[in-house]
Amino acid sequence: MLSKYIFYFLSSVAIYAALMVLISKKPIHSVLYLTLAFFAIAGHYILLNAQFLAVVHIIVYAGAIMVLFLFTVMLLNLNIEGEFPKKNIIKFAAVIVGGLILITLIGTFRTYDLEIIKNPTLNQIGLVKNLGKVLFKEYLLPFELCSILFLAAMVGAVMLGKKDIQ
Amino acid sequence: MPDAVQNLQMIPLNDYIFFCSALFAIGIIGVLIKRNALVIFMSVELMLNSANLLLAAFSAYRNDPAGQIFVFFIMVVAAAEVAIGLALLVMIYRSTHSIDINALNKLKW
Amino acid sequence: MIEYIWLVPLLPLIGFLLIAFNFKRFQGSVSGIIASSAIFVSFIISLIVFIEIYSSKQTATVQLFHWIKFNKIDISFSFLIDQLSTLMLMIITGVGFLIHVYSIGYMKGDSGFNRFFSYMNLFVFFMLLLVLGSNYLIMFIGWEGVGLCSYLLIGFWFKKHENNNAAKKAFIMNRIGDLGFLLGIFMLYYYFGTLNFNGIFFQAHMFTIGNPTITIITLLLFVGAIGKSAQIPLFTWLPDAMAGPTPVSALIHAATMVTAGIYMIARSNVLFVLSPITLLIIAIVGITTALLAGGIAIFQTDIKKVLAYSTVSQLGFMFLALGVGAFTGAMFHLTTHAFFKALLFLAAGSVIHALNGEQDIRKMGGLKNKIPITFFTFLIGTIAISGIPPFSGFFSKDMILIGAFEANSIFWIIAVIVSLMTTFYMFRLLYIVFWKRSNKEDLHAHESPKNMTIPLMILAVLSVLAGAFGIPLVFGGNDIIGNFLSPIFTESTNIIKINAHEISHNTELLLMFIPVIFVFVVVYLAYYVYVKQKKLPEADNQKRPFFSNIFFKKLYFDEIYNALFVKPALWLSDFLHNIIELKVIDRMVNQAGNLVVWTGKTIRYIQTGNVGFYLFAMVISIILILIFKLFI
Amino acid sequence: MNAIIALSALAILTMFFGVIQKKSVLLPLILSGLIIVFFLNVIEWGTFKHYYNEMFIADNFNIAFTAALILTTFLVFIFSALYYRTVKRPLEDIYALMLFSLIGGITMASFGNITMLFIGIETLSISFYILAGSKKFDVASNEAALKYFLTGTFATGFLLFGMALIYGVSGSFNLQAINSYIIANKESIPTLFYAGMILVFVGMAFKIAAVPFHFWAPDVYTGSPTLITAFMSTIGKVASIAAFYRLISITFLNVHDFSVDILMLFAIATIIVGNLSAMTQDNMKRMLAYSGISNSGYLLFAIIAMGPKSAGTLLYFSISYAIATITAFAVIMLVREERGTFSLQDYKGLAKQNPVEAFAMAVAMMSLAGIPPLAGFMAKYNIFSVAMNGGYVWLVIVGVIGSMISVFYYFKPIIYMYFHRADAHKKIETTKAYKIHILLVSILLIILGFLPGLVIGLL
């Protein structure tokens, strides 16, 4: 029972934080709420017994991505700039459209018979050892290709960031 | 955490799907509602995270590690994307002194 | 020699490339000589092939290379050499050669001399491809190619705006026809699984007469023929196409390209006879076109326009022949028409040349003695087209008239009327241009150079003699052309003849001579009106009687098209220039209805440049797709 | 597989070349490297191997498309010498990124697992985001990059969610495994799976710039540096369409009835909107962007019909499209550099002053318009006949109408070049090498028009 409460608690926190990301006027507040949302999601991972993911999630999102966001906000001094409000009608339309997406998705899920897959008993897959085996055996090639992707991103970030001679 | 594992049965997978859909929809609304490119990036991150959580949930319920590996790859890509996105943002800011997406209106028709 | 047939189209292509790559280098008439000799050699080869085919009565398919090949589809680049295609070869290379020689004199000194000859050679190349191809795809390539060359040549003097408009008009009208042709080809492929003539005609026997599939296919093909051969309702481009240099009018718009439609239907005769409805439609369209164009021609005042409408009218005649199943008659008339219409155009060109570019017949007159050779040849052409025996036109028209009579006597009556109209407007033209009028001062005119008059004379001789190939049995002739073409048409004629009534020799003789008597009456009538009474067409702005005004205005076809098609189409193409030509768009906006404007604008301005909008559009599209696919 | 390893090595070598600062050596190095990679790739023809737990499938389809991608990249690199001729530094970063994106593209043509598809798409896209913005001092380039990035990541979100749903239902990322799941449960596939399919299709449609997910393309193509536009509009499109084809032909073939409506919607909308929007453009680059969009529509025909010749026709169409587009962009680059804008006005009288360039442009335009006997015509003809064989008559009719509309705008530059008098424009000086290159490429286009059977017969 406890885990059920934990689930609902984490979900509410995550949704609240996500909504606050949108509602906050200042970008820095958005960043902070987003961090909160990420922590809530990390909690979900732990709840799913995916400890490795939870750790990586914290490290990558809260540790790297959020820092990057904060860094940008500080660097560009964006916080003073404030907000560029959209017209209310657009906001309204956006909410309607988002709501429609939610309804459509839930509509499709409703018909899904979940009884087919319900075997989470022996759940050791989320541990580093198991994941590592799979990652470096079956998923070795995508893993290596990721390094290409990272190289591309690195070269790109350097290229975009540095002052040009031209 | 053996308790958590056992208690997993009590949480229907449906709830995870609903929760992830909600998170996904919030991300979409964020992208549509905001003019600040930085906040749009954050909303996209929310969308990616909802997909991540969904994958992890499916993975756990199916007892198949592939889903979690995929999440790992998504995280990798997301990190790279954010780095590039922010670099682009800084570049734009240098030339236009704005991160308002409505300022991107030179190219049209 | 048949295996060297590929040289025939290749030589003009080489000529084209040679001239095109030495655009600036060639001086004087070098390019003209290169172009003419390329065609000449082609002509010699064609002649040999023609004789071989004529004597051996064999047909051959020469395969050059596999072109498109995957498991089911096998389209090879090959040429079909039979009676029909060699006859066309002779016309194209023979008349083409004479016109090339003529052009050397006519285009002398024009700044686009080299360009002109490169286009001409390219045109001949595509035309040869069209008639030689052994499947519909190669034919279509030639078909498109001649359209392109025609476009280039009509707009040859592109500095004049109206010429560009004429070129555009020709291009668009041809495209409409091409759409039909292309769809026809697709359907042929779909139902027959091949595009080879032989394969399709072989399989065609499996279809019963009146099969709806065949009807649709043939109708689509006929739409293509309508566009290319300038029949109602797509005929208005041809008279406007007279904006090009006169030799072009002679080559393309009289002798060769416009006959492509006739050729295509004659080639596909096996298909067409399976669909009586299509044949009836062809006959009706043909005779209507012939009648209307003849009527229009009587009231025209531009020498080339008269000839242009005459061409439309004669083409209508040929379609009538096809429609009533007189395929041989159509091909025979095509041949003789190629000679005398080329002759008339070239002679008209010579007149225009003599008068330094004057085309209005009201400003001409009394040229009889100043340019005797031109006059004489023009006279022969006129007699030939009027159908006075024993000139060639008489025999070919006669063949069509007999065919029409066999099918339906109403066709025959209208055809006779058209033929009399032809006589009237041709003699009207002759009298006005060449007979002297007292109230006018003498015009300064000079005879054209030798290289222009010699082709005229050769064509004149051909116009007189070509009839000999088709002297009917009644006269003790042996119908050479009928026998020559019989391997191609026999089967179809047999199908058609089942329900046609045979006519006796006496009736046939009667049918021949009734029109001839009327022809002489009409010749005199024209003489009376235009020489005795010295009547001249009214000036453009003068008020005319209602009836003649309608014909003078070409039955308002142009105006109707303008309102129905050209305006929207023009609007579309001018919209391309909306920033450059704001004026045009302003005018069009008023005319072409707000709805269309709104659509066009939306399509373009949907790209607002706002990322927010793009994202919105994406999400909404996704939602719509999800809802429509999953919930409805 | 060897090709991808060698290419990675080449890319990394290129990346470190900035240290040496020798511009003259780098391009020949890359070009010869690409030739080697090309041969390494072709050697594997007919072996049908798969590597690493079916992550990478080296079948003939992959090898043919990889060869096409390498060929296209090679051509782009040839013309990069012209585009960057004023730049002093060796440009190792841009070149390396182009090679990285090529690796992404090859991955997309060879994946056997959705993970690989995702990594491939992202490698390609991330490189493109950066390349689009590589002209840092140009506001248009910046705008293009950010627009591309915003829409691109957004589409990635949908793609991922769709992948997650597919995984959730079928329990695997392996294409074959998903296919066997579909076969086993044909009657009882939950709606959830279809929702996932739609979202994945949306992501792919975004990558090939199919309407209504095309909005990024005109702006990004217009704003990016011209060479990069040429690169993105060819490599990006060919790789994405190959991936799309692979995805559907291996995995979703048994639920094709479901996909067909969506794909047809994409194809028809793409052809109509792409062609109509292109008609009114004065900017050559933007016109070609819309042309690229409309060509996506034709490419989709092969995927919709899924006949025995779909793959070969897809390959032939892709190659002819890529070569024609690159030729056109090579001329556009030159004219823009000398005359300052992309406007059609700049092409007035080009035929008189630069006959070779005008000829190449005319050939490219006519090929794109589908004038026989050029490659573009054969490509369109074949793709129509594939659709016809599949029984999609209406699709073909829309395609024919679209390509008739397209003649109007493709002929505009030809008319400007050949039938307009040059106002104040002078002859554009070019190097002999450039002239030879562009002539060779346009001749390639003509020759290709006579060999459709050969290319289509490969697959």
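First chain written, first letter: the chains are A, B, C and D, and each begins at residue 1.
Keep in mind that, in the parts below, a contact is a pair of C-beta atoms (placed from the backbone, for glycine too) under 8 Å apart; a residue touches a chain by one contact, two chains touch by 3 or more.
Since the model is a prediction, treat every value here as computed from it, not as a measurement.
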Legend entry - Partner chains shared by chain C and chain D (touch criterion as defined above): A, B
Inset, instruction - Tell me which of B-D and B-C has more C-beta pairs in contact. - result: B-D
Inset, instruction - Go ahead and note the Å separation of the Cα centroids belonging to chain B and chain D. - result: 28
Legend entry - Gap in Å, rounded to a whole number, between the CA centres of chain C and chain B: 66
Inset, instruction - Could you give the separation in Å between the centres of chain A and chain B, each centre being the mean of its C-alpha atoms? - result: 4
Inset, instruction - Compute the distance, rounded to whole Å, between the mean C-alpha positions of chain A and chain C. - result: 70
Legend entry - Residue list for chain C, restricted to those that touch at least two other chains: 604, 607, 609, 611-612, 615-616, 619, 622, 626, 630
Inset, instruction - Find every residue in chain A that makes contact with two or more other chains and list them. - result: 86, 90, 93-94, 97-98, 101, 104-105, 108-109, 112, 117, 138-139, 142, 146, 149, 152-153, 156, 160
Inset, instruction - Could you list which residues of chain B touch at least two other chains? - result: 17, 24, 27-28, 31-32, 35, 41, 62, 64, 66, 69, 73, 77, 80-81, 84, 88-89, 91, 101-102, 104, 106-108
Legend entry - Chain-level touch network, classified as line, ring, star, complete or other: complete
Legend entry - Touching residues on chain B, where the partner in the complex is chain A: 1, 3-15, 17-19, 21-30, 32-36, 38-39, 41-43, 45-46, 49, 52-53, 56-57, 59-66, 68-69, 71-73, 75-84, 86-91, 93, 99-100, 102
Inset, instruction - Write out the stretch or stretches of chain C touching chain B in their complex. - result: 604-605, 607-612, 615-616, 619
Legend entry - Residue ranges of chain C touching chain A (in the complex, touch as defined): 612, 616, 619-620, 622-623, 626-627, 630-631
Legend entry - Of all residues in chain B, those that touch chain C in their complex: 28, 31-32, 35, 101-102, 104-109
Legend entry - Residues of chain D touching chain B in the complex: 114-115, 118-119, 122, 126, 129-130, 133, 136-137, 139-140, 142-147, 149-150, 153-154, 156-157, 160-161, 163-165, 167-168, 171-173, 218-219, 222-223
